[in-house]
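Heads up: the structure comes next, in structure tokens.
Going by the order they are written in, the chains are A, B, C, D and E; count residues from 1 in each one.
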């Protein structure tokens, strides 16, 4: 290929507005930019002066795809600041609603955003003409996730039931039981999804990534655990900012997060899977073994299989939680706000989502920091693009363009999340 | 004179069982998340045993009574209207047929055969609520056109009235002549008595169905002193009532004060949220919604509760007859207390006080009437010519 | 009188369009034949039907045809909202739904032996056309007839051919006035009440029937009263937001009256107290 | 018999993507919708991006940048019918909270063109710039309402979207009023229905994500909050939320700061 | 025509039928009988308003000319009505064109003559003002209703 430029002005099938620019000179890739032109929305700025209790609802508006992740990171950070620990059934309900979000978000990505790439369709609606049953299965699977969020959270997008300390109202056993049959179906459908995605065609593309995720001693991580990596990181969430920092690049309205010493890293399903394979439920582990995807998978295109396995796990876990559910007496733990700093990091469908809040005596937020998963993966996405384009430089331009788009979609990037802030020194801003 | 019977409280469950034997689905007061609502219950233990409610303008609270009374509360947030006149019903569904269309014969609630409707037995209907049902009878079931949804439900219902032995903070049924004791309109009526003599119910049967039911429940003929005990409780309740409304010439008062400045005053407080009309046991306004599927081949029409407080209520193409909240509040109150009398020969208000308790900002219909009277009485806003016209209309 | 009482009072019956007549640029008349043939359909001048556009909704439309003509039930419709827009696109052979007739009618019986003064504006002429037909069918029983009709412009006049025909009849005075026009219009210009200057009412023996926008009716009533027509001889037809048409939904109240069942036609004393007040 | 399917385009401005996701969340209806209309431009869901003009343009998000100014005018030109969805597009969204802050300083750091600063200071609804044919409220919108609007458009009828208070929905559902029974402050009486009264159903006060209802009396409600012991600051925060820049709510939150 | 007869005929016109004999006589001292044929103009906008007319028969349309739209007719005046009030309001200029659309017979009253008499006899002047202010009020009301476009929606 001679001098050429791969340009995707408006990257489709991702959440938010992003672009790709790859410049090729001869046989060499000279420039790669994964640009984010989504306008900034200044969340950290206007969180100041708001009540601690508003953080879950306000930050959920950073992203309509993974509002639960924002709510969970926010409530955990607040509870950390006030020294509260939510346990028992309330804790389980939080896992349950997170299962719902994973099923919904993964279902959306697998069937509607990612699979069309593998099968050569522009979108799932076109794919529905060739594979009607598969698309319907995907929709139904996604719907099951939404149903969980709906019952526990009140609605699918920006649920209203999550609060610091627990929930406004806990579901009755009867309400949760309405989900059981759907989830049993969904678990089967997820297993089929694992088998189906494993049969897709994957480009040969493996990289030596540093995977970063939470790790919990007893469970596959949603809300709690230490931050670990495949290259030896093992820290308390509180230490996040000692190890990671954000950089501003000129071509993007989003900050890029990097490990202070080792640079770019990889968060999300693949990271969780590789670092927590042993914590998956038996049925999820078996399905992984069945399709030959084991711990240590380093081909990001195969994230579609891993998402399917996580979906299967989330269905299974949701069923476990519902089966043992007994409504707690009280829907939340009383919260007495106090001065302090709190940290929260949870596993959004796309990877770790970090919140840090500084709370004043009056319970008002003095300062907030939020690092969404897409900011963390952004640098790695550019890396992948560079590597992938370099090694596929002889592909026809159209094909290479599409494949590059697919490379980005491997990460299920959520651009709306990533642009919650821009590089501004808020400390100097009068509030 | 009707004979008074007596049931021991421990035998109340037999009443439930007998109703169930007769095929009734029982709806009664029960505690749900901090309030006493009317919902399906199975037995006497579902009743709010030992609970009461404290009500005042914009405030409601459940409290323990310190005894084991079954009906020691005042009034639920919602009336029985929900069951006889459901909030949403499908009127019909229809399908396109060529250029024409066909109404599906079994499509709507209106045409649900009466046999397949639930057989409701209402337990704990307060005298004011019985009055409200009578009023809705006049609204829905009293002329050439009737509301079949209401009529079919009403025909089947079994009413167990419970006379009031305490007055709620927003009750004024005495003023509206609708309580605290029901004289008719029920199948049986209970008065709950807890005293040194024990815990029992004085029962009056008000219909053949009621007599039939009583024949299945162990009872005795009530003694004179027991009847007197029950009567005394009801009388005390009437005296306890701390709210009242002077209904003398109330229609004339309101018609004469359609332009009172006081409506502007209420409008500064009124939220036009429509809560009062939703909780009112007699408010009957509805609207319809037409819907289609995406193909436009199948259509449905739904009827749902509406309120004269909504902006859409009096909207016609090109204008709105009542766009100010002043006019909307006036419409509601004047309709309820005045024009209702012209329309149906009865006041639309039963003095249950729900509109006072459940108004989020505590607007009190009895106080507003007083203020209108005060201001009107000064002659400042009172137009004597108008009262004359009113009287002419009466003759018409 | 009404066949559809009770259960199906909320069910529209299919009615086929026999003919569409465009009266003006935005007003048209649908001639309908109910499914069961028109033979059962009796109505009094002034009554209305609820017309249903499949899946779209209903609109209360006065009947504008001759009550003695059972074949064609006419509705003259002003295209203003979504329902009437759908009606405006229909053709001969299309089917709409019909419930009715509802409401009371004009005092055609009471007016016998008297002069009749009809004052209308805009689409308000439509519900009064059946009155004129009734009178002309029994011409001897009535005295002089006055029709005072106001419209926006000469192009907005309804039933132009008939207006001309009626105007030529003996003892019938038709006076038309418009709000605005160019120089081709030789008729009157101004508000409808101006037309009273050009007629001589025997006020004691006249029944006045008014239908038009509420504000027009208000100033017409003032004018009639000033000229000495007693209120009980003045009738008006009210417009409200009618949903059910049968007095059950509460929407069309004006004071103590349900416009759909107590009206739409009222003798002035029944309603005047409320008509005078704002936003009743 | 069927006429050509209407071309529908979905556009995004400053937003969280949640409202357009509502369309994908309508799992049961999505394929039927896709059968009834031609989804010609919907980047979140498809690589296929057909050029305009479109019969229907659906816009999510608020106007926060100079580029968005131009973009929305272009969208308006391309769309025969323009529907805006969600609190961002109808009222500026949560990012309109910046409208109260001094953003001059940091906007001048980011963008070099000073004459745009005034526009950047605020996050504005679409209707401030172009004519809008229908506004669908909510943060996020209710997916059934979106389907209803599309359905109504297809069938040329008025959408069944009520503009009255949340209270009516709440009562139709049979909820006990949480404000009266539990003293929980609730914006339901001044907020437009459409969400299904979910917050009161989950025992929390409505936080106004569908914006002001058609005749809101916020002054009276605030007064009642104050009488119930709520601080002016807390009342201010309630009105200055997801529809902070909707006129009535904006004025009320400003009044609380006086 | 004898004054006596003239006053009898003028008195038939509704505008003056309740005027006192004395004032009617003053009025009549300024009267003349006029006819206008269909299509002719009685006066034009901007001209001195030297007269007013009591229409006995026929119809006059008041027109406003606007450049691009041509003539717009805003009001008609017919039998029993009065045409023209500008004679009594300074600066005594016509504001419209008066086009005869139906042959007109009318009484014309000389404005200058009347103004002198109004100044000389304020009682008479007040009587004139009362009547013409009513004409103005009615015209104003009518104009407002027409602007409301009540039939148009």
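Note that in this section a residue touches a chain if its C-beta (ideal position, glycine included) is under 8 Å from a C-beta of that chain, and two chains touch if they have at least 3 such contacts.
From a predicted model like this one, the values you see are computed outputs, not experimental measurements.
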Set of chains whose contacts include both chain B and chain A:
D
As a test of whether you follow the contact definition, which chain pair has the most C-beta contact pairs?
A-D
Whose Cα centre is nearest the centre of all Cα atoms in view?
D
With chain centres taken as the means of their Cα atoms, state the distance from chain C to chain E in Å.
36
Interchain centroid distance [CA atoms averaged], chain A/chain E, Å
84
Just the number, please: Cα centre separation of chain A and chain D in whole Å.
25
Chain D and chain E have mean C-alpha positions lying a whole-number Å distance apart equal to 59
Enumerate the residues of chain D that touch no fewer than two other chains.
155, 157, 203
Counting only residues that touch at least 2 other chains, which ones in chain C make the list?
55-57, 80-81
Would you give the residues of chain B that are in contact with at least 2 other chains, written as numbers and ranges?
290-292, 296, 317-318
Taking the touch rule as given, give the residues of chain B at its contact with chain C in the complex, in rising order.
91-92, 94, 96, 99-103, 108, 110-111, 139-140, 143-148, 255, 258-259, 284-288, 290-292, 296, 298-299, 301, 303, 306, 308, 313-318, 321-324, 326-327, 331, 335, 338-339, 341-343, 386, 389-390, 392-393, 396
Can you check the complex and tell me which residues of chain C touch chain E?
78, 80, 121-123, 150-152, 156, 177, 179-183, 185-191, 194, 197-198, 212-213, 215-216, 219
In the complex formed with chain C, which residues of chain D make contact?
155-158
Residue ranges of chain B in contact with chain D within the complex:
32-35, 37, 58-61, 77-78, 82, 87-88, 268-275, 278-279, 289-296, 304-305, 307, 309-312, 325, 357-358, 360-362
The answer for chain D against chain A in the complex is residues 12-19, 21-22, 24-25, 27-28, 30-31, 34, 39, 42-49, 64-65, 68, 93-95, 97-98, 101-103, 105-106, 109-110, 123, 139-140, 142-143, 195-196, 198-199, 201-204, 207, 209, 234, 237, 241-242
